[in-house]
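Please see the structure below; I have some questions.
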Amino acid sequence: MEDNVLELIGIKKHFQDVEVLEGIDLTIKRGEFITLLGASGCGKTTTLRIIAGLESPDEGKVLLEGQDVTDLAPNQRDVNTVFQNYALFPHMNVADNIGYGLRLKKVPKREIREKVSSMLSLVQLEGYEKRRPSELSGGQRQRVAIARALVNNPKILLLDEPLGALDLQLRRAMQMELKRLQKKLGITFIYITHDQEEAINMSDRIVVMNQGICEQIGTADEIYNHPRTSYVAVFVGNANIISGQVDHLAGDQAVVDTCGGKALVNTDGARLQPKEQVTLAVRSEHIELDENCGCGMKGQIAEKNYVGGMHRIVIALPDGSRLVSSRCGMDSQIEVGQEICFRWNSSHGVLVDRG
Amino acid sequence: MKRNKTKLPGIYLGLVLLFIYLPIILVVIYSFNESKTTAMWKGFSLKWYRELFQDIAILEALQNSLVLGVLSCLAAAVVGTLGAVGLTKVRHRSKGVVEYVSTLPIMIPEIILGMVFLAFFSVLHLPFGMVTLVIAHTAFCIPYILMMVKARMAGMDPALEEAAMDLGASPMRTFLDITLPLIMPAVMSGCLLAFAMSLDDVVITIFVNGPKLNTLPIKVYTQTKFGVTPKINALCTIMLAVTLAVLAAGQLLRFLFSLAGRRGVRRGNAGSHLYSGQVTITEDGKSG
Amino acid sequence: MRKKRNWWTFTVMPLYAFTLIFVAGPLVYMIALSFASNREGYGLIWRFTAENYKRLLDPVYLGTFAQSLRLAFSSTAAIMLLGYPFGYFMAKLSSKWKKRMMLLLTIPFWVNSLIRLYGWIIILQTKGTLNGVLLNLGLIEKPLKLLYSYPAVLTGMIYTLLPFMILSVYSSAEKLDWSLIEAARDLGANAVQTFFTITLKLTFPGLLSGMILTFIPSMGLFFIADILGGNKIVLVGSLIQDQMTRGSNWPFAAALAVVLTVLTTLIIYIYRRVTHTSELEGLY
């Protein structure tokens, strides 16, 4: 029980007439770096604010190390937040900003000075004690915000899209920094982002959220290679969603009738029935174009372009739907309008949306 | 963009400004006039000023004006600031109504306010004098502070207060450590304006000051009904000098605040200053 | 929905209390008072009567209202003519001059209105400056009786309220997109046409709020009429003051005040509807 530093049970929240959170259940282990990933409006920020105590849920409980903190004010929780726009106090210098939480706890001045100092070294801003927030760059302010939260040694650190305002280079560098910090300090980090790359690079586990519910919770590998819903498959990475009907079962595989042809799918323990409607997710990079049409699927090339270093080919299927196949390199031999065969590995077709 | 090469705009502006300043200049000039009648210039003299300083009634009136101004402005500052901050946090249907009613004193003609206070205070049997004056003045000072603080709060990042609470500050501590320092420029501006309004007030003061208490403007007003004496000119000139001093102090305060990091407020001076192209205008002719 | 106790309700208490007791209270009392009556020797009698309002219909009092309105309209019109060009020209100055002009306009604002009116007495009185200048120039033979007249009060009103119009027009003109005027000229409009079709329309909000800011006070500024008009010019404001002090007929004064308040509120209401502003911030 002590291993779980945070538990969210049945959290529901609405604003005016909109249901923002429709029942969130989450268990977070001590020392892990977990990310809430989703598009704007999915409820990730609201969830974070409920954990921090800045919002109250309509229903549900928040347990911090087993204790019910749902009704506690933010200043009574041992949780600290790094705000999206940093929220550094403009009328205080860096040292006073960082030491604020400690001053409130009536920690002796000398101790505050030492802690502030060591925090500044930790975030590589030694010597910046007397500077004002207005004199700092975005990246520096961000580090001060992190230091200000961490110096209080909270049980959980909440980070609300902290890297959003930084440019790409800085963002990548800070991602490494944050990961390093987290590993070093061993504090539980709950991170929010809409950037899947960020989530995959930094997190131990990812919670994919969509319109107020958790679509899937798992490691980056699980999310990427074994998405459970079509939303997750499409949101993280590029996936094609294909619907079909089970033709017959063959051991631990199934043959599914799709519009493009028959596909072989690993059942992965799922109990499939013949004639059952299923949905498959196949990543674009897993669709292989087969020059020699073997036992594969057929379609017609609708588009080809070169995007982000990958050769991207859109295949049109007889029923009008399209699949996207991508691979590295360039292939000028493929023409638009050409009939093409394609296939994928049975392990790459993932069954999704299985209720 | 100077497409007009004519001097017309400049001349016009100059003439109107002259029109505006002429009376004031004359008052000042004639305060140094040796002669009693204002038309004839008999020579430079400070005798009216000397007489002024020896006039106990006037000195008393001055003291009253200052005390009244300070008391009303302080009372308005406390009630107004707390109110403005609280209004942004509370969500009640009555909010809009209370805000509207509390700003009424500067929207309806002063004469009505004066008359209404007189009647009301009588019925309550309040002692007419400093007590009624302070209440009345506070009533029309509050709106200035309310408006300014409210504007400042609107421009302040709400995440700042949330961050304070997140770090462990109770609501009161958050207010004292974070909110108050950040709205202070607005409170000060509001106070300055309120103080000036209080010093300047004639109409409301006439109604509620009671038989004995005189403020400076009242003294000037009653004197003018008897006719002009250069002593009043001298008084006016001094009041003018005080006004300019207060204005200068305001500029100085503004300058000092700009050094002490006002940034962190999202929009720039969200309504907090008097001379940056935004002068608070009231509907009943009060100057300022 | 769980509701935590909101600490902030305590901070608004002082404001609520003060407003209720000392702003709402008096105003409600005023309305109540206007329906009471006053008898010589007996004091206030609290029996509902509409006699005060009926008395208002007396030609004398209607005349006072008419005169106040006449004065208000004339001064507003004059102020508009004087102040609009000023605000407009001011908006075209360089920003350095704009600041200076703003300062120059603000200083008299802060000078007590009485002092400024007092200055006019010096100018207008029989032995005053204006007469002195005119006599010296040989333009007149006897000093003119300028003070204690309708024109004197009008001048005083204009003088006191002019800055409001200027600043209103200025704030509107300042936001003017000058390229629109250039575009109009480019399309063939001459100066007059450009002014009436483009400039005036765009600065109209400022002009309108300026009119409100001058019209409403001009009905209440009784001390201008008092100082510069003597007993000759009676405004609604002076009437109220008179009834409260010498007349001791408070109910009647209350009725006058109610009518004045209703007029004022009506004008503000119309203004809001015309400009679709939901807050009077526009007037600040």
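A few notes on this one:
By letter and in written order, the chains are A, B and C; residue numbering begins at 1 in each of them.
We take it that contacts are C-beta pairs under 8 Å (C-beta built on N, C-alpha and C of every residue); 3 or more make two chains touch, one makes a residue touch a chain.
Quantities reported herein were computed from a predicted structural model and do not represent experimental measurements.
The greater number of contacting C-beta pairs, out of the two interfaces B-C and A-B, is seen for B-C. Chain closest to the overall centre, judged by the mean of its C-alpha atoms against the mean of all protein C-alpha atoms: B.
Set against the Cα centre of chain C, the chain with the most distant centre is A.
Averaged C-alpha coordinates put the centre of chain A at 62 Å from the centre of chain C. In whole angstrom, the spacing between the mean C-alpha positions of chain B and chain C is 18.
The mean-CA centres of chain A and chain B are about 56 angstrom from one another, to the nearest whole unit.
Each of the following residues of chain A touches two or more other chains: 73. Within the complex formed with chain A, the chain B residues making contact are 157, 159-160, 162-170, 173, 177-178, 181-182, 260-265.
Within the complex formed with chain B, the residues of chain A that make contact are 52-54, 73-75, 79-81, 83-85, 87-91, 100-101, 104-105, 132-134, 148-149, 152. Those residues of chain C whose C-beta lies close enough to touch chain B in the complex are 6-12, 14-16, 18-19, 22-27, 29-30, 33, 82, 85-86, 89-90, 92, 98-99, 101-123, 125, 127-129, 131-132, 159-164, 167-168, 171, 174, 178, 212-213, 216-223, 226-227, 237, 240-241, 244, 250, 253-254, 257, 260-261, 264, 268, 280-281, 283-284.
Listing the residues of chain B that touch chain C in their complex gives 1, 4, 9, 12-13, 16-17, 19-27, 30, 37-39, 78-80, 82-83, 85-87, 89-90, 94, 98, 101-105, 107-112, 114-120, 123, 135, 138-139, 142, 146-147, 171-172, 196, 199-200, 202-203, 206-207, 217, 220-221, 224-225, 228, 232-233, 236, 239-240, 243-244, 246-247, 271, 274-275, 277-281, 283-288.
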